[in-house]
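Letters A, B, C, D, E and F mark the chains as written, and numbering starts fresh at 1 in each.
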Amino acid sequence: MLNKNIQTFIGCEAEYEEAKIVLFGAPFDGTTSFRPGTRFGPSAIRSESFGLETYSPYQNKDLMDLSVFDSGDLELCFGNAVRVLNEIQKRTNKILEDGKLPFMIGGEHLVTLGAVRAVAEKHPDLHIIQFDAHTDLREDYLGETLSHASVIRRCHDILGDGRIFQFGIRSGDRSEFEWSAEGHVFTNKFNFEGLQNIVNEIGDKPVYLTVDLDVLDPSVFPGTGTPEAGGVTFIQLLDAILTVCNGLNIAGCDINELSPAYDPSGISTATACKVIRELLLAL
Amino acid sequence: MLNKNIQTFIGCEAEYEEAKIVLFGAPFDGTTSFRPGTRFGPSAIRSESFGLETYSPYQNKDLMDLSVFDSGDLELCFGNAVRVLNEIQKRTNKILEDGKLPFMIGGEHLVTLGAVRAVAEKHPDLHIIQFDAHTDLREDYLGETLSHASVIRRCHDILGDGRIFQFGIRSGDRSEFEWSAEGHVFTNKFNFEGLQNIVNEIGDKPVYLTVDLDVLDPSVFPGTGTPEAGGVTFIQLLDAILTVCNGLNIAGCDINELSPAYDPSGISTATACKVIRELLLAL
Amino acid sequence: MLNKNIQTFIGCEAEYEEAKIVLFGAPFDGTTSFRPGTRFGPSAIRSESFGLETYSPYQNKDLMDLSVFDSGDLELCFGNAVRVLNEIQKRTNKILEDGKLPFMIGGEHLVTLGAVRAVAEKHPDLHIIQFDAHTDLREDYLGETLSHASVIRRCHDILGDGRIFQFGIRSGDRSEFEWSAEGHVFTNKFNFEGLQNIVNEIGDKPVYLTVDLDVLDPSVFPGTGTPEAGGVTFIQLLDAILTVCNGLNIAGCDINELSPAYDPSGISTATACKVIRELLLAL
Amino acid sequence: MLNKNIQTFIGCEAEYEEAKIVLFGAPFDGTTSFRPGTRFGPSAIRSESFGLETYSPYQNKDLMDLSVFDSGDLELCFGNAVRVLNEIQKRTNKILEDGKLPFMIGGEHLVTLGAVRAVAEKHPDLHIIQFDAHTDLREDYLGETLSHASVIRRCHDILGDGRIFQFGIRSGDRSEFEWSAEGHVFTNKFNFEGLQNIVNEIGDKPVYLTVDLDVLDPSVFPGTGTPEAGGVTFIQLLDAILTVCNGLNIAGCDINELSPAYDPSGISTATACKVIRELLLAL
Amino acid sequence: MLNKNIQTFIGCEAEYEEAKIVLFGAPFDGTTSFRPGTRFGPSAIRSESFGLETYSPYQNKDLMDLSVFDSGDLELCFGNAVRVLNEIQKRTNKILEDGKLPFMIGGEHLVTLGAVRAVAEKHPDLHIIQFDAHTDLREDYLGETLSHASVIRRCHDILGDGRIFQFGIRSGDRSEFEWSAEGHVFTNKFNFEGLQNIVNEIGDKPVYLTVDLDVLDPSVFPGTGTPEAGGVTFIQLLDAILTVCNGLNIAGCDINELSPAYDPSGISTATACKVIRELLLAL
Amino acid sequence: MLNKNIQTFIGCEAEYEEAKIVLFGAPFDGTTSFRPGTRFGPSAIRSESFGLETYSPYQNKDLMDLSVFDSGDLELCFGNAVRVLNEIQKRTNKILEDGKLPFMIGGEHLVTLGAVRAVAEKHPDLHIIQFDAHTDLREDYLGETLSHASVIRRCHDILGDGRIFQFGIRSGDRSEFEWSAEGHVFTNKFNFEGLQNIVNEIGDKPVYLTVDLDVLDPSVFPGTGTPEAGGVTFIQLLDAILTVCNGLNIAGCDINELSPAYDPSGISTATACKVIRELLLAL
């Protein structure tokens, strides 16, 4: 008998029951105001992952030694952000209930809100580490409060002051930086300076890690909706991820904002795959 | 003193007061389920129109002899189709109140609903002529009733049976064709056969003409979200437009579904510009 | 429990046991001399098929009413055509043994040889209908006898004179046309003229249908390695497929030579999907 | 000893002395007002010609039976159209002096003027057959009289009334059509109707044939600076070329306006190569 | 009443009378010898600027606090560099006469000559700071003295020895470097070393700053006609701009050589926008 | 008399007899498992080299002062790696016999094996310096021992332990790193650390230098089949090349793995040209 055609991220072929980590895609870009296309991120990552080795010479570990289950993409409805976030929250809840770590692949950054809702429900003392070029702290965008530009502000609505730590930030409007500076959020501009201190401070509290891949320099990661010159290198991001994963208790994580249409050479998708591999191995 | 940088569709430089026709763009693709990007249609059309002559050897007329005002694009909020349709309806109302003909450039096909609401308010006996590859008659799409796949069904909610005439249709699910065949809508598959008869039948009643450019064959018009092989040629579309405009009383119209990202050679945008020129000259 | 991520051509979700037709991909382009890339054809077809409806207004049939199983892609080794053809033959054999119809998606045209070997073994009186821009009748190409340019010549080695019927041919070297004219193969240049006669002639003998999509005009199907101006339209190809499937006893078939890298607008992949849908419905 | 790397159009490998036809490229696009890039036409044609067979099933002839010399591209200076035209005229003169037929590959259409100057010098009773989407009859373009939009007007300056015959024309400003209609030039709109009559009329007088490839429909030939919907098919162009070459005494010819940057699938370059092959075989 | 469609660089919406800085585009690439397309630079910059925030976290300043007027693009005639430079000079003169700072967006680098002529007329002791990958010091290029490769040599014709300072240079022919080394021009290879010293040296004399964006590394700025590996980073360029603007008396400036056709991901255009924002804020 | 169209890498116009270095292209990618296209590398390099100066400001040397002969590309047969390697070996032998240095432009990395066979025959004590992202040390790939992923392992079959030195390596499977660590090959991960020591160690023994351009970071060199984030910069590679060429006795060299289809901006091809220029000048 012939088998069905199962597609996973490379090396993530565990059965659900045995898996420690569960991947899922959230292919949504419905509030993207500038250049859409992150909806195609998860499937591009899954199919291009086969150009990657499962072994990391950086960590001397191999995906073949882990137990990761790839549950595919959610089927999301464009034009209704409320319902989309509910679907994401439900999937995350299910994974948490089964005692596994949720690892979401976006999609635009708004999808983080759905996952954070679920993780914060389970871990009321949740903290967030955000690697990003953009503050995402707007109260609303053209009147919409559920927007990629407001996602971290919405997370702050849930978690409150002093729980969110941003690194690599180099874009936002003046009011976002001012609001952050009032003490609501810790914003480190341009790079990862001070990350180790924050990690030490957080200690063993549960942490959600959200990686907006546009934290990378556009030269390294052109394939994103709003590229911002002056970003970090792959090696700097890798070091930051290792710092976080080695020092903290990760309760959930995501990688988002790959837009394959702006990546004709494929280097952004390849880099996203490599970041995912390293993050999986570090968890 | 230097002048501000005003951008219009070529030859549409009338002052508002004197204009007979008013263009506006509705750069929205928020419910597009497959390949987004029609939000970039109106601006691409405006800037590429400068590769076009204002004179038509088909009609022996020139845009320079008309009075058309280009009011630019609406600023629309992604993620909230209800509000987007309201904005479109308001702009259309304004143009109608001032005694001018509204000519909208989409965006995805859903934008038609906003304009039709306004035109139907003014002309309760409105009819619709639709040139399209797709029926767009779904009751809902993944639960959403405001969707590019439901737009003509929503127009039918307003106008009722026997008022909507589709041509060029070659895609839809079975239930859409069955529902149409119950007599709600006139659906002519594949081409423009019977168009002259319909035109004669409608007579002098007010008509809204909506041209989904994917009615064209993908060879002629590749730059669209859901290309459907087996479409009409440019000359067939031109003839159909002349048939409609010469025989009917047009109360409003639109052109939609150009997605420049899928048009690397630019032929789709150039063709869209030419269709707009011919339609403007025929009105 | 969450499900694994199963990917099929749209509407081909039958279980293997119940299936009448079995799809498989042969992602090989290892002998392509000019522009490679057909290896990416099967996966592009599978993922883009979700832009297609399952219902055909041409045939008034729906894929949801069929039982088709999609067994995914073979894992093929580049650089060794002998072994690749063996893998294809084995997969085809298995499907035939289980009493199902093999439907292969290439890949370059050479893959047809693997399937034909298996089908001819089961049906020694096999005939071939070939829709193609190119004769593919070279004895060898730069010394290699297993080449995309020689595939039909190799099929002739198996089947002998009078069994192979080519339509749409508009490219080849002089000697190929001369060899064909000696009576080895029936070659109809440029179009499908005479196809109905051939169908009548073959009667109820078993037939393998191989559709090289470059039989289509490059305007309709640009995404192929060696585009040849002057081809047929989608509607002409559709009619030819219906003529063949309604009149003949199809024992196996394939669709090949989609090269997504040369299809930036996606119209070729969309057309390939539509051809596959219509062929599946016609079988 | 190893050989130098000689590049020619496929099958054009004759020595200069024995050649009947001499190819040369004029890679100039310096007056192109809209989308530049035809400078890359000749080299793209030369390298992609190796995807083409030397044999034509349309004419049952083979390039291997001809004697064509490919003299490569002129080195032209951007920013000085006067000097560029002189270089082209000199090269054409040289070929004519040596008793061979000049066959130029553009570049933008202005290059035709350089060749026509040389051919008209040798044949004062020269006529021109022009296949084109555009009239190219402007007196000047933004003040420049040497422009791609004025090239045929400049040829008229040399040849006078009644010597120039345009086919396929579907774009120009009103004054160009009016000027033509005064009897200066014969303009056949949209297609090749009446071509055979013109050929009969011209009889055995010397003719320069200039083929602006944008006469082809953009679906067939997207790769050009100013695509104009509503053009002819490849087969129609081929028939027109055969009509001209079989009926007339060709003293020089050119093919122009391929812009490879707008041809991501390569079908335009492939079609240009095929047109050149057929034209060479027909001469 | 509806408004006309006014397009400006983001945040540059001042009325002409109140403006301190006046932008204009010079969309010319008529002498570009290798890969054309910078003619599309200004309009791409204007439309993509809406992906940028008006606020700079680098300088903690906002475009909304400035008074900048965007006067749109000059309409320039291809094929006549003399006339093009006159048009640029006239526009620059007008801006200077009105007591405002001219800020030009190219186009190819030759456009700088038009602006420098005007600024040097007003400020005979003008100095030039040039950030560039290429020397641009050729006496002529294929005989043309008005060429992108000669533009700084032509500026030297006006200003004489010791007034021009180049940084980031990593390409040129040997004779250009030798001529510079004779003391005519100060050439700093590869980077911005010594810039602060030069700034100190120039003191309060009027300075024209010309930024050829190809000074950036191709990884950061691929979208240019002649990319040169080994360039500076965005942060290095930003620091250099701040050094110049904080230390010197800028009398005019330009940004040039963005070629959007070679920037499929859009990162070059986004970076150009960001450089313009930072330069506007620093002036 | 007109000349034939000879195409060389810029500045490589010596006659064969006088040449010290002989270039040739090996346009083969037949075992590439992931993204093919390096077959187009050599011709892209040759034609784009004309955007490069012949003078290097890094080394203050000029190609015009060297004697390099460009013998064009081998005509290689896809689908038969054994024969391809024989052709390469024969060409390399010929160049060596004539007392010249072979300089090969790939193609995929497997082509190195053909050249190394020839050079090792002449110099049995040959050493290899490899700059690469990938180990290429697999015993076989899907059963094939002649594969781009096995090429250095095959070279080790010829040369034995202690003769091969890899730098920049950041990808491979675990077993490759382990096999290397057993002492068969010297593998330096991530960068060029220790290169000077290795150069000193090797001393005056003959060395083959193979540069897989994917050793460069994907931001600098996106146009390759398997981009690996975390690579070296152009300047680091240039320094490494100078270190090797100044310190060692180079008996042959190659540059490989440029895949122009993944290089839409052209920066990879431009960088490859610059690396070749610098390597030619350093030899």
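Keep in mind that, in the parts below, contacts are C-beta pairs under 8 Å (C-beta built on N, C-alpha and C of every residue); 3 or more make two chains touch, one makes a residue touch a chain.
A quick map from chain label to UniProt name: A, B, C, D, E, F = Agmatinase.
All figures in this text were calculated on a predicted structure; none of them were measured in a lab.
The chains that touch subunit B as well as subunit E are A, D. In this assembly, the chain whose C-alpha centre lies farthest from subunit E is C.
Because subunit C and subunit D carry the same sequence, their contact can be compared by residue number, and under half of the numbers here are used by both. Here the CA centre of subunit A is 38 Å from the CA centre of subunit E. In subunit F, the positions touching at least two other chains are 217, 219-220, 264. You'll find the chains touch as A-B, A-C, A-E, A-F, B-C, B-D, B-E, C-D, C-F, D-E, D-F, E-F.
Contact residues of subunit A toward subunit F in the complex are 50-51, 53-55, 57-58, 62, 217, 219-220, 234-235, 238, 264-267, 270-271, 274.
Subunit B meets subunit E in the complex at residues 1-8, 16-17, 22, 24, 43, 46-47, 69-73, 91, 94-95, 98.
Chain contact summary for the complex, subunit D toward subunit B: residues 34-35, 169-174, 177, 189-190, 217-220, 222-223, 226-230, 262-264. Subunit F meets subunit C in the complex at residues 29-33, 36-37, 39, 75, 77-81, 83, 141-144, 146-147, 261.
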